[in-house]
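Here it is, the structure, as structure tokens.
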Amino acid sequence: MTIQLKTLNEILHNLDEKKHWGTKEYFINMGPQHPSSHGVLRFVLKLEGEIIKEIIPILGYIHRGIEKIGESVSYRNFVHLTDRCDYFSSIINNWAVSRTIEQALNMETNDRIETIRTIFAEIQRIQSHTMWWGVFGMDLGAFTPFFYGFRDREFLTSIVEETCGSRLTMNYIQPGGVLYDIKSNFIKRIKQYIKYLRPRIEEYERLISDNVIVQKRTENIGILTKEKALSFGSTGPVLRASGVPLDLRKNDSYGVYDKVKFSVVIGTKGDSWDRYWIRIEEMRQSLNIIEQLVDNIPAGKHMVTKYTTKIKLPVGYYQSSIETARGILGIFVASNGMENPYRIHMRSPNYNNLWSITDMAVGLKISDLVTIVSTLDLIIPDVDR
Amino acid sequence: MIISILKDAIYLKYGDFVLEKSEISLVKEVIIKQSKFLEFMQLVKDDKDLKFDILLDHTAVDYINENVFHLVYHLYSSIYNHQVIILVEVPRDKPVISTLCSIWRIAEWQEREVFDLFGILYNNHPDLRRIFLEDDWVGFPLRKNYKDNFMLEK
Amino acid sequence: MINYSVDNFANLVDNSNNSTVIEVAFYILSIFITCLIFISLFVMVVVYIERKVAAAFQCRVGPNRVGWKGILQSVADLLKLLTKEKITPLYSDKFLHFISPMLCISASFMTLLIVPFSPHIQIINIDMGILYWSAISSLGILGILLAGWSSYNKWSLISAVRAASQLISYELSIILSILTMIIFTNTLNIQKIVLSQLNGCWIWRGHVVTLIAFIIFFIASIAELNKIPFDLPEGESELGAGFHTEYSGMQFAFFFLAEYVNLFITSTIIVILFLGGWLPWHISGFSIFNELMDSIPPIMWLLLKVSMIIFIIMWIRWTLPRLRIDHLILLEWKFLLPTSLANMVLASFLVLNNLYFYV
Amino acid sequence: MENLNSLTTNNQAVILTNLEKILNWARANSLWPLTFGTSCCAIEMMMATGSAHYDLSRFGAEVVRVSPRQADVLIVAGTIVKRMAKPLKMLFNQMMDPKYVIATGSCTISGGPFIYNSYTTIRGVDKLIPVDVYVPGCPPRPEALFWGILVLQKMILQNSLFKNKKTRYRPVLAALPEGICIEEIHNEMKNILKSKKYL
């Protein structure tokens, strides 16, 4: 029964005594306000010259206590809060909550709703990957990809905004259906966009992937072997880069993913290059999915239950997980029959992808740490919730 | 595998670990005795036809009127693509359970999150400290009886 | 053919041997003021052009609200920086923190003296012009190092040490490629180097050897200017603002100014050594074409060629990502240095057997 | 300096009027923002400063500085929680005068969707640092951020920040019609909340 509670100062303190300090090692604080920390993630690095000896991620700089708020908020309102966690796959987050509630109340949704949901999930995935590609270029030092990534994402955002009404926090998929039916010119604009984005992805490859500096900076950097990836609980592109073909769209086949032909992209070594290359390939897969779906959207109502009906889940535990752009998002609900959940927990993909960096980044340089963090594609509000 | 078959398989193979069978809810959870918890987890991971190699999620639920914590472990097998939820009951006044760091590395930080928000202690956990809140934070926010004058109650 | 007689201000003052102290002082003051005006105008124009060029590469518009088409944008920046509050951090080394921007800006100002705008417009035509330039430009490294060291900030210390290792190691290949060119021109005097290219600039007269020397010099000068892909000292995404983190207001403007003056000077040195400084572009056979080219004054020729080099540097800046520190050092010591040494041997072989064009 | 001010008529130093106009014009047209994004509003801020469609460099605010020393305007984008309050205050104090603050998004104005039952969210950034311009929206569109920056530019040009540095103008006040003050609106809102008519 050996329980030793520690505090951060003790950790930082005994880091000093554990190894007698050579004049070389020193502490540095890659603080909450750092350009490449994708938000407010803080690393305390123990450096020797430029090589990282030890890395301690410190979180909590954007911890708003969403799970505590979730306990005093009705199920329909909790869908709003999931937008504010991982704002790059906000529609997919809404889908996770609505799917949990629909499974609990075994509420049936028709084909039209499922295809619209799948189309918007794939649109959200493309949006998140183009944004990631721009920020990846910026982290490696090239400023122009940032603008190209945003430019392509902006076209898609205007299409989505026309239907969902908002650009970033969509709150579009509700338990029992979709908030608004798709607009008339949605299909035309999406087809135009697919024709527009395909040559763009080739342009991305020419600008970044074929660049020898990028290849040198990402090959064999931050290798995550298969066993380590599994034991570190990483999911999504990070896990698939290490060679594990785990993609809930294929295994769980919710929505209309079973009716659509797409391949799960798997890497071999699990280094930063694989994680980079997989996301570019996933963008192409998402485009194929949308292309197959967009022509034959079945007719039907876009909302099965009226939006204002109150939702009460019977007593017990409910859990469902979904594949977002960054990994598996699991919603766990413990309900005691009341209108708001007794306990609601989000299994955030970013939180579990983050911790493999403590093992990967040791022995590498600061610029490698920046590359790894940006290939892990972390969203810090989703880490802290 | 369909949920019920998986639960029966676990009951059959590890009957003495299971505390009581729960049929009430849809989810595939199995309640385990607190004493043989670590041993059960190791067995479940290495079992050749279960092979739960990913600890997807770990959280806790605070039942204040039954004066008990339910610890929830969500396991997933990347080979057979099936998943199960393991529950452990821990008394509210002495919430101590053994850590799973030796089996899955991610458990170290998931347990730190649950310690930070619920106050559940894990013995021989390598680095048990708060992860989201300041170290000098008083109280554990997600407990039902958590009082905080900073918080606006709706 | 116009015969360019090389006489300029310096000679006028020297031979009048009875020049009193006041005349010399007045002369130096006038030089300083002309340099200051030229530099501030030049930097404002280049900053504006760099922003517009960057905007063009990134398919956006760039500053166009301030003044007609955004012309006054850099004026606004300069005035704002002038009136910003100045700070010396509490535990910083006060004197060094104050002196290092001065060092940086003075190093780049002093190299202005040898810039040959045209046969008549050159402040001093000393005999060892190129040697003077390489000596003074290495003074700038000292400024950066002191800036990083004295501002009591771990990040700027890392960036200063990175800057020192990068600039010193790339100084080598710059000087070696200058030596290969000196083998061809066998004079260090800048005007004589330019005049030696009367019937053809060096870059294609020395065919292979001078081309290699040009490429090495170009890469090393980008590294010298801390421009992407070599901008490790102030890498935005790694070290934040690098060595000038703790500087604000006019001191930060000095670093900003020094960077652009160095850009101008290095590209003029490239133009002098390889592209035939202020000489018009002549094609041997076409006399009418040559007359037409001679109508443009030599100073326009120099500024045209310099702006071409600056555009290429900007082009590279807005497309390539950043190198890692060990790749950077590896590129210099394992690749650039050996090639420039071998290049020098090849150059001496060429010169001995007169194997280059228009001997 | 004191007696000089007494000389002036409407608290405006006669000698400095033109110089001050030029300096205000320079400061207004080259606002260098400091990157301080915590959550979703940061993406809309990046969309405004860094994207091809909405280009903030048209207004001269293109150089996004990382170090607080060289930044002029601190665009607070995203929820501020208790643990982030200290770094935010430190950053604001490290910035050099003349500095301005734009609070974008409802999280920075009033805590946004996390007002109730959140044990860490700070309800409103103006509890920590003086704010010049409030940009409403969750997240506010890039055009809203442009509105905020243009309002700030107008305020700088009107020199309304320098007269009395202690009180920072709240643009909300400027938009109010005559005869109505902010307290009346607060009381009205309180009555509605108490009466629970909206439930």
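Before moving on, here are some points about what is shown:
Labels A, B, C and D are assigned to the chains in the order they are written; within every chain, residues are numbered from 1.
One rule holds in what follows: a contact is a pair of C-beta atoms (placed from the backbone, for glycine too) under 8 Å apart; a residue touches a chain by one contact, two chains touch by 3 or more.
Fair warning: this is a prediction, and the values are worked out from it, not measured in the lab.
Separation of chain B from chain C in touch steps, taking the shortest path, is 2. At the far end from chain B, in terms of centres built from Cα atoms, lies C. A count of contacting C-beta pairs for A-B and for C-D identifies A-B as the more extensively joined pair. Work out the mean CA point of chain A and of chain B, and you get 24 Å between them. With centres set at the average Cα position, the gap from chain C to chain D is 41 Å. Measuring from the averaged C-alpha position of chain A to that of chain D gives a distance of 31 Å. With each centre defined as the average position of its C-alpha atoms, the distance from chain B to chain D rounds to 45 Å.
Shared contact sites, meaning residues of chain C that touch two or more other chains, fall at 58-60, 236, 240. The set of chain B residues that touch two or more partner chains comprises 133-134, 141, 154. Counting only residues that touch two or more partner chains, chain D has 51-52, 66, 83, 116-120. In this structure, the chains touch in the following pairs: A-B, A-C, A-D, B-D, C-D. The touching residues of chain B, when paired with chain D in their complex, are 133-134, 141, 146, 148, 150-154.
Across the complex, chain B is touched by residues 82-83, 115-120, 123 of chain D. Interface of chain B with chain A (complex): residues 24-27, 29, 53-57, 59, 61-62, 70, 72, 74, 76, 78, 81, 83, 85, 96, 104-106, 108-110, 113, 117, 121-125, 127-136, 141-142, 154.
By the touch rule above, chain A contacts chain D in their complex via residues 31-33, 35, 39-40, 60-66, 68-69, 71-73, 80-81, 83-84, 87-88, 131, 146-148, 150-151, 154, 167-169, 380-381.
Partner chain A is touched in their complex by these residues of chain D: 35-40, 42-44, 46-47, 50-53, 66, 78-79, 81, 83-84, 87, 91, 113-114, 116-121, 138-139, 141.
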